[in-house]
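The structure that follows is given in the form of structure tokens.
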Amino acid sequence: MCQIKNFGIVGGDKRQLFLAESLLGDGYNVLLAGFDGLRGQGFGCLSDMDTALRYSDAIILPLPGVRADKSLNAPLSDKPIYFSEAAQALMCEKPVFASQRDRLVRAYPMLSQAQVFDYAARDDFAILNAVPTAEGALELAMREFEGTVAGSRSLVVGFGRIGKILSKMLKALGSSVTVCARRPSDFAYIEALGYRAKNTAALSVVHGYDLVFNTVPALIFDEKLLGNTDKATLLIDLASLPGGVDFESARALGIDAFRALSLPGKCAPKTAGEIIKKTVFSIIEEVNR
Amino acid sequence: MCQIKNFGIVGGDKRQLFLAESLLGDGYNVLLAGFDGLRGQGFGCLSDMDTALRYSDAIILPLPGVRADKSLNAPLSDKPIYFSEAAQALMCEKPVFASQRDRLVRAYPMLSQAQVFDYAARDDFAILNAVPTAEGALELAMREFEGTVAGSRSLVVGFGRIGKILSKMLKALGSSVTVCARRPSDFAYIEALGYRAKNTAALSVVHGYDLVFNTVPALIFDEKLLGNTDKATLLIDLASLPGGVDFESARALGIDAFRALSLPGKCAPKTAGEIIKKTVFSIIEEVNR
Amino acid sequence: MCQIKNFGIVGGDKRQLFLAESLLGDGYNVLLAGFDGLRGQGFGCLSDMDTALRYSDAIILPLPGVRADKSLNAPLSDKPIYFSEAAQALMCEKPVFASQRDRLVRAYPMLSQAQVFDYAARDDFAILNAVPTAEGALELAMREFEGTVAGSRSLVVGFGRIGKILSKMLKALGSSVTVCARRPSDFAYIEALGYRAKNTAALSVVHGYDLVFNTVPALIFDEKLLGNTDKATLLIDLASLPGGVDFESARALGIDAFRALSLPGKCAPKTAGEIIKKTVFSIIEEVNR
Amino acid sequence: MCQIKNFGIVGGDKRQLFLAESLLGDGYNVLLAGFDGLRGQGFGCLSDMDTALRYSDAIILPLPGVRADKSLNAPLSDKPIYFSEAAQALMCEKPVFASQRDRLVRAYPMLSQAQVFDYAARDDFAILNAVPTAEGALELAMREFEGTVAGSRSLVVGFGRIGKILSKMLKALGSSVTVCARRPSDFAYIEALGYRAKNTAALSVVHGYDLVFNTVPALIFDEKLLGNTDKATLLIDLASLPGGVDFESARALGIDAFRALSLPGKCAPKTAGEIIKKTVFSIIEEVNR
């Protein structure tokens, strides 16, 4: 990959604005397209699509990327954005950093010729995003729980990326943390890190917890388990759709349950933008090695 | 103090309800007066003023206690509550746990004959409340800051009760914490606990912090200091009124500044209620020793 | 596996004594063989080999298991212990929990018929032992370093089991921690957990660290890298043999370097014994499921 | 105080050498007297007493300062050092930073005319030294305890400087910490910081703790309390002489008890030297303000 000096950032939300700001702070040039809604607010690098695609050395597309109708995810644009053939041709000339590569290429087949790097599919991207996700979950818990996290008893179901970071934060704030997992090696890490371990497979009653966070993308909290869950428990589902909680049953049973999705972009767009930057630079470094 | 089996809880908000719940859980009887608004919601111990005062072994009054018009602070009561002479006479027969004792006695001079213990004036009460206060400040910071606390740079002005707990929580979540204080012994503790120390007296520029929390009840952030504060800083004032921030100047300068008061009752009424209980029992234990 | 009431513990060191104590505390019977050196010191469950093998429901062998001369690792025995054919026949009748299964079976081929469970080969065993290992490394660092860990700058090379736990402990004590790894996902976890990340592949100079811990079983600290390492650095090699430090070069260069092996048994035999127990019970539970 | 460029460091141990090194690193000149034992080891700033006193802008004396026979505490000197009248006269011309001022002036009355600052009597000095003290206690506990601190149950008696820092470190390493104190405000801090609180006055049995640290300079662990202390407890006395443990009774009862004094100088002379420097500079700054 030749050296990149000018980034074209096309579409996206606040995260892309913070990404632009961070790149500018590092000394790069940035051309922002798809942010007409911000015209007149003093953003120096606002541009149009053609300029951004033509005069940049690399393109960064948002997360999510394209909608079902093939329009670019660009909530701050005045009008829907579609990539013309000319636009796609320009994108074929330079590296494109995008999310959901397959979907993008299905919508714009010419881009199968482009050098598209899917930053959002990378493991490091997901791990770094576990921090704003866990913090967003903590914020939600603080807002909805009538006690303090300090001194609370919490249960984290799942010990993947989010479970690992979230249990660390809860303990750091003084919660007594139990983590549910399935593998002996996870049980060992859970204990070694100072939490109580529980087997998800044996989770038949949820009793004695103030805060319960599900991170497992499977229907763990079905009607039966919810029936054996303390009414006073605050239940937060962080698993991607369809999620891990039967919200209807929760409502019927009088259990406060919240679905929390896409927390990085909602709660910490600055950090989320910086994570995109970091991942893009990791890709560049790997390619150039 | 003779043994207490029945508590009369008169006036107050959600904190008193959690206090009642916690006392009931410990096996005490509770008579709640001043909560008519909750009638029909299944609270078993709702009572009227006379019953609560007459058939209890001790009375617990809320925080704040009485309003300027001498009415009891009882937001969940249908109508304003004033203590009749008969009520005051009943209160003179048993221990009364109250806040703002002087104000109460000024409003109801007969109570100068009563055994009134001011739980809210105690140091331990204030220290225990630093936890929900700090957590409420954290919640506010998480909501308003567009990055994560993890990886942020924060400044805590003041190293009293709240400063001590808040800086610990910020660091635990991964913020890089600087604490402003005035005394050499505080500087030493600040360093020994792993924060950076700064002299409040030398605070002429606030640069390079994402989050700034003031806990000092003096006008630290006046127009001049705000003029030397980064625009992107999020400023949270936790100092009791009149507070430590010139909010008008902050607004004029475009600095996001928030006043956050009475956080325990607002953010964590359950914990706040338990702290009242804990303090009342500490008083009882000390008296009985 | 039928229900186990009597454990035969054959051979081993202090860890086995703590293991025995812990099992006794849980209500099991224990027969200890190979500990004649302790006769007369009031250990109630000392026994002889035949009794221990015959009257137990399961056998636990030590770590390491057998020596090069086929004798059992039994430093607290008066004389070397070899398994007779009769002994092996007894062991074939019941579950045997051992370390280094292959080596054991090579030494005593009859045991290939036995139900031998290698507790030491399990991932959870290794993870749990990372705690006493990391703590042993910390103790060594505290003893040899002339400053405090608090306020120090430390480098942990490798982010496997020991690296994960050790970096957590160092940070918890106030060290500023950098971790070397190779995989992007590890870099992401390292950052997400609040350490600085560095690429092991790019480690050509070791400058500005008070404490350096190697956990990678490969010659990372060869003559060349040691030549670019601060003289004042304290270097601790935790990697299993042949280790990751050229100790001869270190000595020649005047760098303080220490090899630290088998720390759980040396520094925390009680914990090490409890980890054996925990792993044995995990195996039993899995088999019985 | 006029500006100081040249420090005369007279007497002392390794701490003073690290102090010298740190001052040199900051760009100051240093003249070391009382370290003849190091001659030929390449220390550039070795000097004699007269030169050090004469050509310096300020003198730093060691901790402890003078012995019962009036000789300076100078273990690395070939011969005992006494201050001649000429030496005292030189010291009267410039600031002297010393420990145990009263004792020094009793031994050398001419120095009552000198500007002697007692750095060791300051609160900030004692607080900063709580870090190496606590870490030294931890190292001792790790060495003597047969389990890991992680997962242990520990009791810290006293919540002064050392108690505050030590309980934090123990918890950070994963111990379950109980703290004994006497004041309600201390109980509140202990709870707010996440430890269990216990009243020292009610300490009649010490049961269920692996590690017990005494920091209170009063005979807490007398024969009676030791008689009610678990035999398996490791007891470490950090209180200054005469200490808080009846060691004879402990021995008779078979309880492992250790007296740990002067830990900063013994375990972390580098940090101890830097703390002297930091305190000296705090004094200079205060005087010059």
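The chains carry the letters A, B, C and D, assigned in the order they are written, with residues numbered from 1 in each.
In this text, a contact is a pair of C-beta atoms (placed from the backbone, for glycine too) under 8 Å apart; a residue touches a chain by one contact, two chains touch by 3 or more.
Because the structure is a prediction, the values reported are computed rather than measured.
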> Going only between touching chains, how few steps reach chain D from chain A?
Replying inline: 1
>> Going by the touch criterion stated earlier, list every chain that contacts chain B and also contacts chain D.
In response: A, C
> Which chain has its C-alpha centre farthest away from the C-alpha centre of chain D?
Replying inline: A
> Once you find the CA centre of chain A and the CA centre of chain C, what distance in Å lies between them?
Replying inline: 38
> So how far apart, in whole Å, are chain A and chain B when each is placed at the average of its C-alpha atoms?
Replying inline: 36
>> Using Cα averages as centroids, what's the distance between chain B and chain C in whole Å?
In response: 50
>> Please output the residue numbers of chain C that touch at least 2 other chains, ranges allowed.
In response: 131, 150, 174, 192
> Of all residues in chain B, which touch chain D in the complex?
Replying inline: 122-125, 127-128, 130-131, 164-165, 168, 184-185, 187-189, 191-193, 282, 286
>> Show me the residue ranges of chain D that touch chain A in the complex, using the header's touch definition.
In response: 150, 174, 194
> Touching chain B in the complex: which residues of chain A?
Replying inline: 14, 18, 131-132, 135-136, 138-139, 142-143, 145-151, 169, 172-174, 267-271, 274
